[in-house]
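Sharing a structure here in structure tokens format.
Which chain is which? They are A, B, C, D, E and F, in the order written, and residues in each are numbered from 1.
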Amino acid sequence: MGEEFLQHLYEKQRHVEAVPSNKIIAEWAFNLLDLIYPERVASPSYTLSEIRTRFLQLENELVRLMDATKACKECNNQSIARRFFEDVPELYRIMNTDVEAILNGDPASISTFEIIRTYPGFLTISLYRIAHALLKLEVPLIPRILTEHAHSLTGIDIHPGAQVGEYLYIDHGTGIVIGETTVIGNHVKLYQGVTLGALSVEKFMANTKRHPTLEDHVIIYAGATILGGDTVIGHDCVIGGNVWITKSVPPGSTVYHQSTIKVIEPNRA
Amino acid sequence: MGEEFLQHLYEKQRHVEAVPSNKIIAEWAFNLLDLIYPERVASPSYTLSEIRTRFLQLENELVRLMDATKACKECNNQSIARRFFEDVPELYRIMNTDVEAILNGDPASISTFEIIRTYPGFLTISLYRIAHALLKLEVPLIPRILTEHAHSLTGIDIHPGAQVGEYLYIDHGTGIVIGETTVIGNHVKLYQGVTLGALSVEKFMANTKRHPTLEDHVIIYAGATILGGDTVIGHDCVIGGNVWITKSVPPGSTVYHQSTIKVIEPNRA
Amino acid sequence: MGEEFLQHLYEKQRHVEAVPSNKIIAEWAFNLLDLIYPERVASPSYTLSEIRTRFLQLENELVRLMDATKACKECNNQSIARRFFEDVPELYRIMNTDVEAILNGDPASISTFEIIRTYPGFLTISLYRIAHALLKLEVPLIPRILTEHAHSLTGIDIHPGAQVGEYLYIDHGTGIVIGETTVIGNHVKLYQGVTLGALSVEKFMANTKRHPTLEDHVIIYAGATILGGDTVIGHDCVIGGNVWITKSVPPGSTVYHQSTIKVIEPNRA
Amino acid sequence: MGEEFLQHLYEKQRHVEAVPSNKIIAEWAFNLLDLIYPERVASPSYTLSEIRTRFLQLENELVRLMDATKACKECNNQSIARRFFEDVPELYRIMNTDVEAILNGDPASISTFEIIRTYPGFLTISLYRIAHALLKLEVPLIPRILTEHAHSLTGIDIHPGAQVGEYLYIDHGTGIVIGETTVIGNHVKLYQGVTLGALSVEKFMANTKRHPTLEDHVIIYAGATILGGDTVIGHDCVIGGNVWITKSVPPGSTVYHQSTIKVIEPNRA
Amino acid sequence: MGEEFLQHLYEKQRHVEAVPSNKIIAEWAFNLLDLIYPERVASPSYTLSEIRTRFLQLENELVRLMDATKACKECNNQSIARRFFEDVPELYRIMNTDVEAILNGDPASISTFEIIRTYPGFLTISLYRIAHALLKLEVPLIPRILTEHAHSLTGIDIHPGAQVGEYLYIDHGTGIVIGETTVIGNHVKLYQGVTLGALSVEKFMANTKRHPTLEDHVIIYAGATILGGDTVIGHDCVIGGNVWITKSVPPGSTVYHQSTIKVIEPNRA
Amino acid sequence: MGEEFLQHLYEKQRHVEAVPSNKIIAEWAFNLLDLIYPERVASPSYTLSEIRTRFLQLENELVRLMDATKACKECNNQSIARRFFEDVPELYRIMNTDVEAILNGDPASISTFEIIRTYPGFLTISLYRIAHALLKLEVPLIPRILTEHAHSLTGIDIHPGAQVGEYLYIDHGTGIVIGETTVIGNHVKLYQGVTLGALSVEKFMANTKRHPTLEDHVIIYAGATILGGDTVIGHDCVIGGNVWITKSVPPGSTVYHQSTIKVIEPNRA
């Protein structure tokens, strides 16, 4: 290996942005979830005083994570972290609507405990909601690292920029992709493999709405693909499995894929 | 953050069920797999006496995990754990049929060693088989935590309640979903993205058979979806990729999706 | 549990191949990536001398991993490791083309930093490239363990035997499967859920080309499936979402799935 | 090993007091020292807000340690911990006098930094001071565990019950023993191997003053032994090395051991 | 650094004995102590079945430690370990006499709990007793590693070859040295800094009795030195502090050091 | 706790010197010892290439430790580290003379392996020799941290500034203190509790020779104290136990303490 290559790596390294490791960032978020959802913890036993201190600590840690993220030099990280934590009770209220949506929607679910502990859908949604709240406060990089961490754990990819209403239902969820400019209403259900994506993916479109809008009470079954920034799925629509949609659908519609399945039975072959 | 919110979290925490952490539960299962599949271990070198003691230890640990899972207060955990471990040789025999199915079915597989070490399909099946055995002994929560752990590692989601025969073949498997009341025969092959799901997912259906039945020697190619508790795929059927099935198929049938692919060649455009 | 079963496990264990744990092997690869991509590290600060020594160390570790992999007793591991590390600058150059492909192709991407830190596509490609380089040097088992590790993290499964050109674009990627004998040209884009697989998967076909060929500048949208060793997707083709292809497509073609979507609007029902 | 023995251990274990591990208790104290002496930390960088939160945390941890120490069931641990932490600034002031005493007394000392980082004497004194403050608040067992931890690290054994003034100078200190009812004034210097012990060690004497009193400005050289609860070493005394004292010494005295050293020179033998 | 030196280290390393790390060996012994003295553990909660399995495990670990200690190739380690563990109840009985001796002898001791948790004397004695039992079974190196570990923790150095009766009392103990061929009776009390050593330390004396004998009920105060293999301190003797003895002392004697302490009072100077 | 106190700690912390933690510094030295004394390692198996790389790594780590020690801003740490490692073969040669001295001097020692693994004397001497070599290169603080670490492990306190010849024999060693300006010749033997100290310890004497000189082949028995910068113990002297010396002793002398031991036998009482 030539000296030149080593020198190149050395130079590159000296100019690289410094950002805390993905693992540290994810742990911060998991610690926050552990605090508001003690169901996640083996035998939770905090005193009231410990809960209060723990929030202060997590706030300090967030400041430290942001300080270490050199990209944002002029930010008042102390005040951003303060505002984020003031918003935690509201975040918690919304996450609870997601739990309720799963409990009501999945016949196999037994209890809120089981959902909080084991449902990849809820894990991803809750990390997304933390990431989205940080993004709104213009925190750089950390939001994306959080949702990618969720993605690697669950196979569900929600971009932190997406706007998602309350009572979002995601169960298995593997393969779900929700793009950056997606808008989702309340009481929406998404099954595995659903893509809410862009029609065309040219770089110059970076700042336009490229992903669809789903109004309230929409259900999208497994494997369906909805594309395009102008595509609006009206409220109370049901989109069938494997359907490919690039245009808007009026409220209350049912869309399904009229496929021709050919069955060759052995005695008739 | 208001004192009221802190007080709410404190109260909630005091009444939450106590269940050992997902990590601890998963480690127990991995330790069991390490013991019966030394291929998983860097340089296995147990003495006979150590193997014997290791099983006793894992039995003790299972008791401890169940004791810590407060949900089941009246269970005789000692006797449940004993019965589970009496069943381990049979579990092992069945897992070996899964290995054999993959070895025979995947041209890319080189050895049982490679399958045991690297195939996500086998990892998920073996964790499912442990989870299912525990569920049959009415162990609460732990089975679901085990299969969700497998899900997060491999993207394959087998509900612990599903009934699966011997020689199950799953290779890549990402995106496979097998519902709670699914019944699968022997020598079945499932490719990535296959869903064995419910037609309708109303909460009141929780205790009915909502997921399909696959008889022996069925092959289901990538992306196919089989729905409904009354749907029976007869023995020796082959279901093509991306097919969507909600009705039973007679034994020996081949089902494929007659899609209309439109090719626009450049010189003809 | 019978003594016989214990005795069986004991005997099996004594004859099992010894291979370092998957975790150790993956860590080696991640350490290599950390060295050439300091973006992955919280606050990189190596001196030039440390970078040089770190490469020597990683080379020693590779020798140790191969030595511990008993399968290859006659290999000159020292010289294999040396050759691998001589190739690292070229590997690095190619990985950089993958980063560039993502940066140019994804409107949501902000910087190379973000891609290197958070894109599962890049993570999988870079581990695949390391694995493939080792496979070409006939290193046993380690390559497959590396790509399966990537698979479990990202849901993207690239067999180390596949041949992949430069500037490969994979974004979300969940559910992508790229088979052992696939050949991929330069500047190819693959979206989530794409399968590049085998038509028929009989064991006797192990040494033939069973997976398709993609020429330069091919784009394959989400959920498409391309099967068969003789299937060649000509350069500059665009393959639409959910398309199922088992035959060659001439260069420059656009292939899409002419599906019949049925929309039942509420006022018309 | 008989079943009876196992049964005995089982029964014993069920009735044993529960006390957090020595390691956990010591870590709490070291964390407190790290906070007030950042010299102990590799690169201290707390914000003001973090320092404040850290104290709250350490207070919570002390409550938890005391709660886990079942011996004290009726204690109001929350209020004890509060009172301890209110006293920390005063503890800190006194520890600083110890640092100053060493800096002024040891020609080999270079800086307060070196003393805080490396002097076993200071480490032991500071842990003793924390232990003594807890003992005064009637915290059971934890004080003794702290001083024994110091003892095992430095070979200096100060009983938490001893009363020690300000500006205590201990340098190497190995082998120093300071008994439970010892009283030490200000500006006292103790060299290695000094014993401040009891004349007679009958069990019935447990609640009487059994160890000596040292008034202000006393110096005791290496290996000297001062015994007895009525023994008072008056202010400004100097006690020579290896001296054995069981009676009081008037203020300002110099006591030395008139030993007969016999030198046999070779040419005279 | 020359290549020759590296080559030398490489050659040396290839021929060095393999012995498990001191840390691993010490942990084994601490685990055994934790099992028979649950006072050492934060919140002990083993079931009877766990205690039984834990002993089997520790027996297996001892076999493994001995197997890894290459020095003893022909030993039947399985049977040695079995014999050691058969002796554990007797070892435990004797250790309990040591606890009792400290409880009765030290006015500052409050409870057996405090002694087991915090007294360096008891820690050293119990590790010595384990080491001595192993030495009698001719286990190489491990005994010495155990007593040196105790030495480094407490400053008390008991050679594993020493023969020590029941009810040994050691309190602070720092600086105590008990040589290889020392013989100690029952109910003996040793204070800090006591040396039971050899008169002359010529290498050719390795296999002779070089260290003294202490009969029952002997008390030796701080800093006393007893030397020589023929030196017998008769039963019920009391040896004063700092005394230097190289000849036998008849039973029931009191030996003290008639020192000439010179006191210079200030008003008489 | 007042805001003022917190503010004070915050200010202090901001101005404190940054020095890597004692633990990190000690680990560096232990890693170096592990490399040159594979006897310390459980199963050493480096290749020649690994040994070479390991030295480079340790050199880099030393640079990093020195860089992190802000006290020395103008030092060329890279070149200091280089010079230190060039000296390692010589350091190793001298340490081997210490091993040899113990092997020849202690009848209880069995092998060099046992000495390197278990003798606190050798551990302390070897850490001192590393510390002294660093001090000669004017490395600040690190030398003292190393010898204090040894002190806390063994109770033997050798100041890094002391000058010590070859073949130093220390066995148990607890309580040995060797002052900063001590000079020790070759083939010297020191037993436990020996102090080589200063007569008077006024601060203004910091830069003068305050501690004694021991010429070649001197033996000093347990508990002896030699004080004063002008005190020279001539070659081949034997100094008896507990002797207190403040003046020079001609070569070849035997010095002992003519103590009056009073024995009160019971039948004569």
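For this structure, a couple of remarks:
Quick note on the criterion: contacts are C-beta pairs under 8 Å (C-beta built on N, C-alpha and C of every residue); 3 or more make two chains touch, one makes a residue touch a chain.
Predicted model only: the values in this text are computed from it and were never measured.
Touching chain E and chain F at once are the following chains: D. In this structure chain A contacts its sequence twin chain B using mostly different residue numbers, the overlap staying below half. Two chain pairs are in question, D-E and B-E; the one with more C-beta pairs in contact is D-E. A straight line joining the Cα centres of chain C and chain F is 54 Å long. If you average the Cα atoms of chain C and of chain D, the two centres end up 60 Å apart. Those residues of chain D in touch with two or more other chains are numbered 47, 52, 155, 174-175, 193, 223, 242, 257, 259.
Taken pairwise by the contact criterion, the protein chains fit none of the simple patterns, being neither a path, a ring, a star nor fully connected. Contact annotation for chain pairs lists A-B, A-C, A-D, B-C, B-E, C-F, D-E, D-F, E-F, with touch applied as defined. Against chain A, in their complex, chain C makes its touches with residues 35-36, 38-39, 41-48, 51-52, 55, 85-86, 88-89, 92, 104-108, 113-114, 117-120, 153-155, 172, 174-175, 192-193, 222-223, 241-242, 257, 259-267, 269. Against chain C, the residues of chain F that register as touching in their complex are 47, 49-50, 52-53, 56-57, 59-60, 63-64, 78. Touching chain D in their complex are the following residues of chain F: 1-2, 5-7, 9-10, 12-13, 16-22, 24, 68, 141, 144-145, 148, 151-152, 155, 157, 159, 161, 174-175, 177, 179-180, 193, 195, 197-198, 201-206, 210, 223, 225, 236, 242-245, 249-259.
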